[in-house]
């Protein structure tokens, strides 16, 4: 069928994916939500016409946004995921037996609902009894919870629209306060090709709060440019000095990948080292 | 201007790039050649409508296809690049002072001509006095040169069209013979998402020839899926055991990246470990 | 939503229409059927990725394929529509009070079913008690009905796929035999820009059967090139000599349009006059 | 080559044409100009990414914007074309032997230059000794020439950008004054599907000036919707009452087409009859 979904990755580049079936499309209070069945990626979730996740390559992003921090922390029991309504991050978090409660703070209940219905292999973690789903503004939620979490993960959309507040120094301060004294924060921080200033600013903002701030990389085929950054801020534990790794079933992450992900090509190193 | 170049990456996915100017387009004896000026990638070279290289991200591919092998070899003096008519690999090879002669065996003189004219920042190495440009069939060339090269690099197009012979076990045998007793072979070996069988076969074929065979990774934004594999076969030197690195100016490659590039996510490891 | 349906009108041209909703998509025994809700055309029906009809401009095609012949005939009582499963031609035929029975011979029951469900403003005529819906091969149907119809209308898809038999001289002979002694045949006969040979052949084939053969034109925005031909073969009545027109409610057709539609630009005249 | 020019006909529809070669592309003082060699239409001229003319179907538009008025006038000697820098209208005007001087008032000399170079079969008339090429603002030009022209033709781009002033009542008054006492005005007036209000307003404005105002139609495949309107205002001669037609060589226009072009489908008639 000649039906194509196009993501305008920039004004000068777009990716088009053949759609076999539109499983869902609608407008929530926050964004346009679409779920497509595609030949290339299986079921694919797009928010405001930006690919968020898909059955084929989601494992990369979800493993990398979670296991690095959870293995860095010696005993993560309370984990908060802000955004991530598809449930993929929660699914990975719950692979860690130490985790007693994994809270999802997602602003858009439609994303949760749609993911539960159409992306069960991703959202399955949301059904776990240790999962605590809060439909709320993550910023408000975090203000009301101080000194509570071992790990906070920001699994947000791009810094436009509903997610814009999740990329500010003000927000990072709240995150810091919501973490326990040995807590770790991690966020997806966009592309080193397209979002140089953003990455630089986040790094600078986090350095004012956390003694340990590190950038790491993974390649997500459906994100613009492929190469993707994550930024981690830690109060005590250094991700480069992890002694023992939990034995979890993964397809992209491994203890070796954990360490090599922090090895940055010079052009990426320059982003965070530049004044 | 609403002028777009589209690469059909698969039958179900395409990438479209806005074209500002068509700098060149024509048919050689081997393929369709186009050079576009784009807003996204600067000048971009496409062969048979497949993006080969571009000013913006070429450094990744060209650094990674060369420096890993050249730093693995203790004293690379004679280097052969098969394909790579844009000159980017030669440019990187010549950054190594030990190299006395770098031969380019490119079948299509039009690619060389067009790259010299429109991609000077990539093709500049071809003007070096140590560069030896041979317009010829790489397979024939290699049959006529035995026990001659320290490093052979296959910088080919995809395994369809003119490059198909460069992915066969028969060809690898010739490569082996053309290498000196401590020689190293490296080739771009496509995507771990889209070319699983190809990567597996190459690995198997090389293992029958070389005692040391290793796969490594880099992310090239303009290649399908981003993540890209290179396969290296070595007679003596192990790329994981490099003692000293030449001090060269690079943007993606570094001694640390050299090592981390060999750290494979489990799903990639499975490709080459599967029977 | 960045969801687009594309029709490859030729290998060098395509039209893309933004899709708001996929109302239906599936494969019947004969073809791929899709019903899209679009901003441009309202609900749109595509068969094998070719636009067949849509709420916005369907009136042109359906009025022009029916009223010319029905007003040319002095007393059309029995009308057969071959193809036309959307029901639009039947709806127009039934505007003529003289018509006692309008038979639809459509090979694909899915087209009828889908049109009834999603295109009620077009398919409404199918609910009329004078409408006789036969799901069958039109060629077989016509062979079994001789000397029976006043008007036969071939409202087919393009001459590829299921409709190819509806464009042959052999078929026209069957049509001739199925018509009464003063019967009239009319068919959509594609574009004078893209289907010159087809139009020429149809004209020649019909001239061997009918004493009066005439080509007429209408502009259908969603068909390639816009300008569209219809060919009419008549045993007795000349469409250029209609004495009285029934008073029917139309948006494109009128008695004046009836006559002016037969005025052909020289380049179209040349198609049917050329040897 | 997978190089495509897209015209966004509306925000919900686009047409894409495969480009074989970019013959010219640049920015003039007024607009973006591109000349593409295409498989579908031969050489094609686009201004601000809107198709203006092409070798394949230009005859329709150029014949219809000229011969209707020139045959309506009993003795057209002085003709003015405003816009029409490609020269197609001038070429047709000069087929009339009565014409002593055909003035082109085109604001953008780049359009003339580019058309002369790349579209010789269209621009050839500009080389005629009776052609008088004025690079100037048509509105200013017409203000300085009163009671001078037998026929004034406005062959403009769409009513956005440089051409917007050519669609106002104020401008039509100047046109009226620049015409002789038996002069005729004609303009391309866009699509009856997409520009209903525009057509209505032009008709109303012209009715306040000219005793005879008539709309006529032709189908131009490369214009949105195919069906296209022209509006003619005449001081004395009625285009529906032409006694003799000059014998000129045409492919779309003919004396019969002259008359049938004024036969409007009811939905078009309604546009100009509606209050």
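A, B, C and D are the chain letters, set down in written order, and residue numbers restart from 1 in every chain.
As a working rule, a contact is a pair of C-beta atoms (placed from the backbone, for glycine too) under 8 Å apart; a residue touches a chain by one contact, two chains touch by 3 or more.
Not measured: the values here are computed from a predicted model.
Asks: With residue numbers as the basis of comparison, which of the pairs A-B, A-C or C-D duplicates the interface of B-D in over half of its contact pairs?
Replies: Repeat of the B-D interface: A-C.
Asks: If you average the Cα atoms of subunit A and of subunit B to get two centres, how far apart are those centres in Å?
Replies: Centre separation, subunit A to subunit B: 33 Å.
Asks: Counting only Cα atoms for the centres, state how far subunit A is from subunit C in Å.
Replies: Their C-alpha centroids are separated by 54 Å.
Asks: Two or more other chains touching the same residue: where does that happen in subunit C?
Replies: None at all.
Asks: Which word fits how the chains touch one another: line, ring, star, complete or other?
Replies: ring
Asks: What chain-chain pairs meet the touch criterion?
Replies: All chain pairs meeting the touch criterion are A-B, A-C, B-D, C-D.
Asks: Name, in rising order, each residue of subunit B that touches subunit D in their complex.
Replies: Touching subunit D: residues 1-8, 19, 21-22, 25, 32, 34, 49 of subunit B.
Asks: Applying the document's contact rule, which stretches of subunit B touch subunit A when the two form their complex?
Replies: Touching subunit A: residues 10-18, 38-40, 56-57, 59-60, 193, 219-221, 224-227, 250-254, 256-257, 259-260, 263, 265-267 of subunit B.
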